[in-house]
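One structure is given below, encoded as structure tokens.
All chains are identified by letter, namely A, B, C and D, in their written order; residue positions are counted from 1 within each chain.
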Amino acid sequence: MKAGIIVFPGTNCDIDTEKACKYFGWETEFIWHDDTELNKYDIIFLPGGFSYGDYIRAGRLAKFSPAVMSLKDYVKTKRGFLVGICNGFQILCETKLLPGILSTNTNTKFICEEVELEVNHDGFPKSVKFAIAHGEGRYIADEQTLQGIQAKNMIFLRYKNNPNGSVLDIAGLYDKENRIIGMMPHPERGVFSETGNIDGKYFFEMLNKALTKETVAAT
Amino acid sequence: MKKYKADIIVTLKKGVRDPQGAAVDTVLKRTGIQEIAQVQTGKFFTLDVTGSDETNAKAKLDTICREVLSNPVLESYKVERFVEL
Amino acid sequence: MKKYKADIIVTLKKGVRDPQGAAVDTVLKRTGIQEIAQVQTGKFFTLDVTGSDETNAKAKLDTICREVLSNPVLESYKVERFVEL
Amino acid sequence: MKTMQLYKALGLTDSEYVEILKRLGREPNELETYLFSAMWSEHCGYKHSRKYLSIFPSGGAVSHGENAGGVQIGEHVIVFKVESHNHPSAVEPFQGAATGIGGIVRDILAIGARPIALLDSLKFGKITNNFSKHIFDGVVHGISHYGNCIGVPTVGGEVAFDEAYTDSPLVNVMCVGIVRKDKIRSAAAEAGNVVIAVGSHTGRDGIHGASFASKELNEKSKEDRPSVQIGDPFTKKVLIEATLEILELQEVQSCQDFGAAGLLSSSSEMAFKGECGIDLHLDKVHLREEGMQPWEIMLSESQERMLFVVKQNGVDKVLKIAEKYDIPASIIGETTTHGRYRLFWHGKNVADLPPESLAEGPKYAINEQEPIYIKQYAESKLTKTTPIKNAVEKIVSDPNFASKKWVYRQYDHTVGTRTAIKPGDAGAAGIWIHEEGGVVGITIDSNPRQVFLNPYEGGRYSIWEACRNLISGGFEPLGMTNCLNYGNPEKDEVAYQFVKSVEGLAQGCKEAGIPVASGNVSFYNESPERRVYPTPSIGIVGYVDSPKKMVKSSFNAGETLILIGKDIEETSNVGGSLYQRAFYDFVGGKIDVVDAKLELQLKKILFSLRDSGFISGCVDVSEGGLFGAVFEGVKKANTGFIGNLISINDHEKALFGEITGRYVISTGNSLIVEEFLKLNGVSYRKLGKCEDKKFEFDGYSFDLAKLYDLYDNSIDLEMNE
């Protein structure tokens, strides 16, 4: 299994994501944001951080990177998994690969803490604790978009004690049709027991299972 | 090629919550300068844009505003000034 | 008491580096949209201010701009609009 | 302007000017006068402190005297340093604090180390004061903005509020980095190499920043516009990655960051340390603004720049890395064998100095007479008291004692996946060093009131209090860094505070067996109305070789609490205690004197208990006294307590009085632990048991939920009202 992690100037969770991927034994490579060859990866991560300093809006400037512009094709032709975490989720929304948008937290402050989340996915515990760390994590979408999200059962993670004012307590979306996952919480920060929390493993195990099945089927 | 200077103001669309404005309101209240000021915040940009003529440059400016400086889901923009250099 | 609505633009003083503007510049150049755009960014505010008369309200607005909306150490401000409500 | 008049305008004294004439054997030209004024400023030249700092023990520290020093752990060196950004933060809290982070990170980077943790020590006026609120809010936001963006977790620190800091807030930031021992870089340059500047364009910002930081603050400071800079954490993040990649190159000979006095300070230090000459061509520096003069280029403090000395055959490689990261770079000079520090402007030689004349400025002795306040304060007595129920509520809601969650929630403290102990979890932060298998413990701490009352003993007190933060978590203290924040050293009172406290700090380090690896001095923290307490911020780094050996600082339900070490007696000196200041605005009396032998014995005992697994939690007793330690421990496990805390007639002193040399431990095996303590001759007192939902001692009982609520939300309420 091969994972690619797109690195922008300003990305800061690239190494953390790599550490987590390697923990699960995946072959892992960094993809510099100028690269466009994405189809060799079974899974692509848009990791957390501040791409282009998050200037103007979080994720706004990154959408012009060649790598990001090639993602649409990756989703259509390769049909690998595309996972955006934190800044990655913001980029996915800014590029319209996922619906809606992430805006400034209602308290206007950056929030870093462990939050309890309600999970809507088979084979995952109903509730997990992940770290969040963001200033622009308030999920917003118009009524129509929200109806679409619910109709397609896309809400993957919900905050139990909504910290940032997200509509419908949305913390993460999963577009199963296109295999795109976007989430504000950081599962990659919950892999090593030395750092206290290991709930993030569930997320990587979920991807591992889905992808291993396919790799086996393909060979 | 002609060159123009433009001022742009980006504001939140009506109905979109503006936490930053609310925060300024709190500070104004705290300092006792003004009880309720109904502050709304936005962004301001000045930039140069080139084009074969005014229409062409304006079209380019529009793209920059829509694709870079604002996000139409949330924000609207207004070209406040547009002058040839 | 009279009530006024004001628009204010806060920009960085000359010579102060504008990292946000520089980042937008880089991106515009990378994408080929615009070679040198010299983007400068600022903040925009709309707010209500009350006062016994226009002079009084304007003085108050000045204080708000200087003490809360901008920091004279780095920024300057401009009242773009001031109308009675 | 004639240089004769210029030197005065730039803050050089007559005798300093005479010294320059002597050293050069001629009059300096205008540019050279600028150079001397910056390098001989307090901020760069340490002219009032250098003489005294030399007594700090440094044996065992790695890279001491470089941009940052460190301690060795296995194959790696943990590098650390604290720096102040007090003056800029007072005028522009957000950018001032942000660029403070930027600066300290560069120092760590210059050693070749990857920054892995940040801490901050912050002091403001009373939180109820609107101006202090504004500064507090802005500073925290600035640190959060910059630290979060560069992806270095801010894992700990301290925040205090006291009227003394109303006009001169203190913003000290500490950075910790990691580097393989064989990859450490020095700032010393060798002759025959190329000098390359990498990073942001040089602009007119921060010019005179160094001399600005050496001035008392007054109304006019607000107009010192160019002295404050805007931080660009995005560029910094990219610069970190580019610098670390460049330093992997064999051909890179040395590295320096652009700190105070920018290019001037970094390049002259490289020449001085390497005992070589340097030629710089200022017209080759990449500039942001047109028309900049040589002196402006030399003194600019534009952020996010690094300087490299590279062998000829490595130049292209460096430029290529810079290009990959979209960072400007320019070849600006060469190191030479002529031993001179020479500047060129479009081919013309515009300055020619011996490097040591810049680097080795004057050293001043300062007054060391004991000021009268020391005796007066020592003899003053506190006579008022508060009913205990009110006192307990008051202390838990005091912003100095209450939870600092409002602050650290704004700091990304988990990025990097190394954070083993998070802010709020314990007295020290924990950073997992997976390279070596253990955990580094880090603390930054200060005891300004104690240092004010007794500078020498207060210095020792501060060292040991910081050590106890680490020891209680199971960490062996390894090395110290400091930031010494004082008023104007030319005033007698301040001079005495400085000299004596430095002696006390040095003594404390010797007793604790830890070297001073790095540090920083900030003077002139005073206004015409107020002067800060003498505030040495002490950063200590420690280590435990396995995460399993860390001791928690929470006390769980069912466990027994035992106080070990000193107990409060009727005659104990508790001067400087928080409750006295918080309840009665009183600072006075004598402070407790550290018993170093006892401290070392307690460390040994605690580590034995740690290794045998009989102790499950430990909290050192500091601000808030014995009550504070018990409350914090049970709060972390969300449990309660029933037992006895009061040992003397003065209940307030018993509960909140601060003395040195004691810890509260929790255990599920109290019989064994007591036996062990007796056997080793350690004095102890059994306090009681942790029990859910109750908080009772010595006949007093409390509404636990209310206390927790006050503790959790006091700062929030104050800031969001």
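As a working rule, contacts are C-beta pairs under 8 Å (C-beta built on N, C-alpha and C of every residue); 3 or more make two chains touch, one makes a residue touch a chain.
What you are looking at is a predicted structure, and each value in this text was computed from that prediction instead of being measured.
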Selected pair, greater C-beta contact count between B-D and A-C: A-C
Chain A-chain D separation of Cα centroids, rounded to whole Å: 36
Centroid distance [mean C-alpha coordinates] between chain D and chain B, Å: 40
Residues within chain B bordering two or more other chains: 27, 31, 43, 68-69
Interface hub residues of chain D, defined as touching at least two other chains: 232, 234-235, 326
Junction residues of chain A, two or more chains touched: 52-53, 55-56, 61, 64
Chain contact topology (line, ring, star, complete or other): complete
List of chain B residues in touch with chain D within their complex: 26-27, 30-31
Of all residues in chain D, those that touch chain B in their complex: 130, 133-134, 720-721
Contact footprint of chain B on chain C as seen in their complex: 9-11, 21, 24, 27-28, 33-50, 60, 63-64, 67-69
Interface residues, chain A side, partner chain C - complex: 52-53, 55-56, 61, 64
Of all residues in chain A, those that touch chain D in their complex: 9-10, 12-13, 15-16, 19-20, 48-50, 52-55, 109-113, 131, 133, 135, 186, 188-189, 191-192, 194-196
